[in-house]
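Every chain is named by a letter (A, B and C) in the order it is written, and numbering of its residues begins at 1.
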Amino acid sequence: MIRDITLGQYYPSKSVIHELDPRMKIILTLIFIIQLFIVKSFLGFAISAVPLVMFLVLSKVPIRYILRGMKPIFFILIFTFLLNMFMYPGDIIFKLGFLKLTKQGIYMALFMGIRLTMLIIGSSLLTFTTTPIKLTDGIEKLLHPTKRIGVPTHEVAMMMSIALRFIPTLIEETDKIMKAQQARGADFESGNILQRGKALIPILVPLFVSAFQIAQDLAMAMEARCYRGGEGRTRLHEMRYEGKDYIAFFTELAFLGAVIALRYLR
Amino acid sequence: MTNIVEIENLVFEYIREENHEGEHHREVEKAIDDVSFVVEKGTFLAIIGKNGSGKSTLAKNLNGLLLPTDGRILIAGMDTRDDELVWKVRQTAGMVFQNPDNQLVSSIVEDDIAFGPENLGVPREEIRRRVDESIEAVGMTEYLLGAPHQLSGGQKQRIAIAGVLAMKPDCIIFDEPTAMLDPQGRADVMEIIKELSKEGITIILITHFMEEAAEADRVIIMDDGKILLDGRPSIVFKEEEVLKDANMEIPMAVDMAKRLRKRGIPVPDFVTTEEELVDFICQYK
Amino acid sequence: MSIQVENIFHTYNKGNPDEKVALRDVSFTVEDGEILGVIGHTGSGKSTMLQHLNGLLKPGSGRIVVSGTDITAQGIKLTEIRKKVGLVFQYPEYQLFEETVAKDVAFGPKNLGMKDDEIEKTVRESLEMVGLSYEELAERSPFELSGGQKRRVAIAGVIAMKPDVLILDEPTSGLDPFAHKEVLNMIRKIHKESTGIIIFVSHNMRDIAAMSDKVLVMDGGSVLAFGEADEIFKRREMLRKAGLSTTPAAVLFDKLEDKGVKISSDAVHIDEVEEAIYGYLTGGEKDD
């Protein structure tokens, strides 16, 4: 169930890409997404694919892992593909009822399909190679300038990382509670929507009680370990841009330049 | 020897609310009722008592998580009520809690151990050193990059101890650290506590296991917010009547030593743990 | 009344690369009037086994017969199983969710389709059985109670379903020695007055030794030993090899053995241990 979803799940490995600064990886991902939207030709996609494949190979994340991660959205991909192919107006090649296969439709379907696939692979590469903790740290640091206008960046990042820490705990807790109520004859599987909704109460109430308990205990434990907000905190993993970050940045920038040139200079 | 903890006439009150047959009751209860004692630096002190005896409330008063209603507590001379000193107090007297799951902050072990020193503003290289040292002290080095939710209860508790050690405390308060663990986890945690005590860290162990208290240099027995008994384990465990009234059982080794003494075997007074009893019996080999 | 477990196998994630055999050929029988103590360290398969007895998990193969009914048979109704076997999980207080104690205890009986007057009666009886006053607590919120009281209410919620077999997974964990003793006495009372067969899991060997007629030792998903409690505790070597911290007496003997003092004794109870050690100490002196 929830555990099976690998889309964007961290793949532990020690590659150059894993070791890039999380901020740089977020920036690179954003640039790459922009680049995909600038592209207007298949040649543009071919150029964009070069850095994507390069980073992919360097990341040492197996293709199988990436494909498995895409399984849940495979359906969406096929759906948009077919929708574009048959619903796009243009020169009709083939007609079946209200479905019209057009030349422009095929072009559009391929075009959008490639863009979507590259978009998903590109952005999941970020989460494949960056632990959630580093990701939140990176977001915090990137948003740091907005702190002056009152955005609580540290607090938001802290909440996100605590949420990540306790998701497995709460899943376990839910499992435990469900089993205990089932042992008392609770039935979650039959009945209409109303009955099923009502059947959730014996799970939700204990789950909330338990979540509040966790929150209370955790707040006390954090205070005991001298937590007092982001002010004056140092970090074990201080983020620092290094040579490889700059290399990655300028490489990606070069491809962005190429794509822009291809679109506007011709 | 200097005193690391000084408690003077500590009173802690809380308000108990309860709905009974539609009526709303509010009562002021004394969780701790005029308690005074000092703890010498380097002592291994066990505080024992049943639930509701005030022992956990006392623990939370020791590092300023709760503040006295009356009286005062000094940690290494610092008053816990002083807002300026509260962070220094918490750094000096670290705390390990009962529930191993609810005290780990980060989803990566090394980040969790680093949490305390990070909050204290320790420089990065020094944090790295402390994290590595602390995880080694609890024998969990191989899990440095692991995730807490994949560890057993005992292992989580060891990580929690490492997290406190990384703050370089003089004193560690353990609030029923083994209550939710299986026998293996319990033994591992007790082993680490004894080791830390040997290294000179002051230990205050809140527990309801008599066997654990027997390992300490000094035992305080609490009941109903007051101190019932205070002294060396061998002295405290002799007060069988008092212990019985407080619904507490003496440890097996103490019981056995007493039984043997009754039959004319000269078991020395200091024998309170199984190890000590075994050592004694071995003399007859 | 009886419960027969015959050659149970269970595999988690069957067919997946992370496949794990959790139970391997588990068999045992408990007769009416018996208390079965189950021991084994964390991960030995105890919990998996308990969940089978209650129908929460289905065995890969093998069968479980409770009072003549095969609860592993195809098409058997779950409520039918729950009527026969009540399961109290570790730290059961987290299952409380209703506004009042009485409603919470009534949750199970209601799910089994008991009639209103019957429910009222069983709620009252169950609360009294676990040593709580119906008059005092029935209308109170379960969340206002003390830890020990919450646990009793949770246990009452299961015995209110009037099962033939009551299973308790570490019913005393996290309790102080006083509450601990009370819960053990409560189990004895339930056994005497209401439920004929009790199966309980504990890490506390002293409790197992004091309470059980039979003992089941689990290790690595298999049954390491099963038999009369006294017989099992005499097999110190076997228990030690399984990494089970046994009774305080056995721990003492084991520690002595490590130091080269071998006291050959079957002693389990403290009086016997005293005798054995006294014998060694006085006998040893004579030899010199």
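The criterion applied here is as follows: a residue touches a chain if its C-beta (ideal position, glycine included) is under 8 Å from a C-beta of that chain, and two chains touch if they have at least 3 such contacts.
Worth saying up front: this structure is predicted, and the values here are computed from it rather than measured.
Listed by label, the chains that touch subunit B and also subunit C are A.
Greatest Cα centroid separation from subunit B: this falls to A. Among the pairs A-B and A-C, the greater number of C-beta contacts is found at A-B. One simple way to say how far apart two chains are is to compare their mean CA positions; for subunit B and subunit C this gives 30 Å.
Here the CA centre of subunit A is 45 Å from the CA centre of subunit C. The part of subunit B that touches subunit A in the complex is made up of residues 60, 63, 65, 87, 90-91, 94-95, 97, 99, 101-108, 110-111, 114-124, 127-128, 131, 147-149, 163-164, 167. Subunit A meets subunit B in the complex at residues 131-133, 161-162, 164-165, 168-169, 172, 213-214, 217-218, 220-228, 232-238.
Interface residues of subunit C, counted against subunit B in their complex, comprise 41-42, 139-141, 144, 146-148, 173-179, 181, 203, 243, 245, 248-249, 251-252, 255-256, 259-261, 270, 273-274, 277-278, 280-282, 284-285.
For subunit C in complex with subunit A, the touching residues are 51, 54, 56, 78-79, 82, 86-87, 89, 92, 94-97, 107-108, 110-112, 143, 157-158, 161. Residues 18-21, 50-52, 152, 179-180, 182-184, 187, 208-210, 247-249, 252-253, 255-256, 259-260, 263, 265, 274-275, 277-279, 281-282, 284-285 of subunit B are the ones that touch subunit C when the two sit in their complex.
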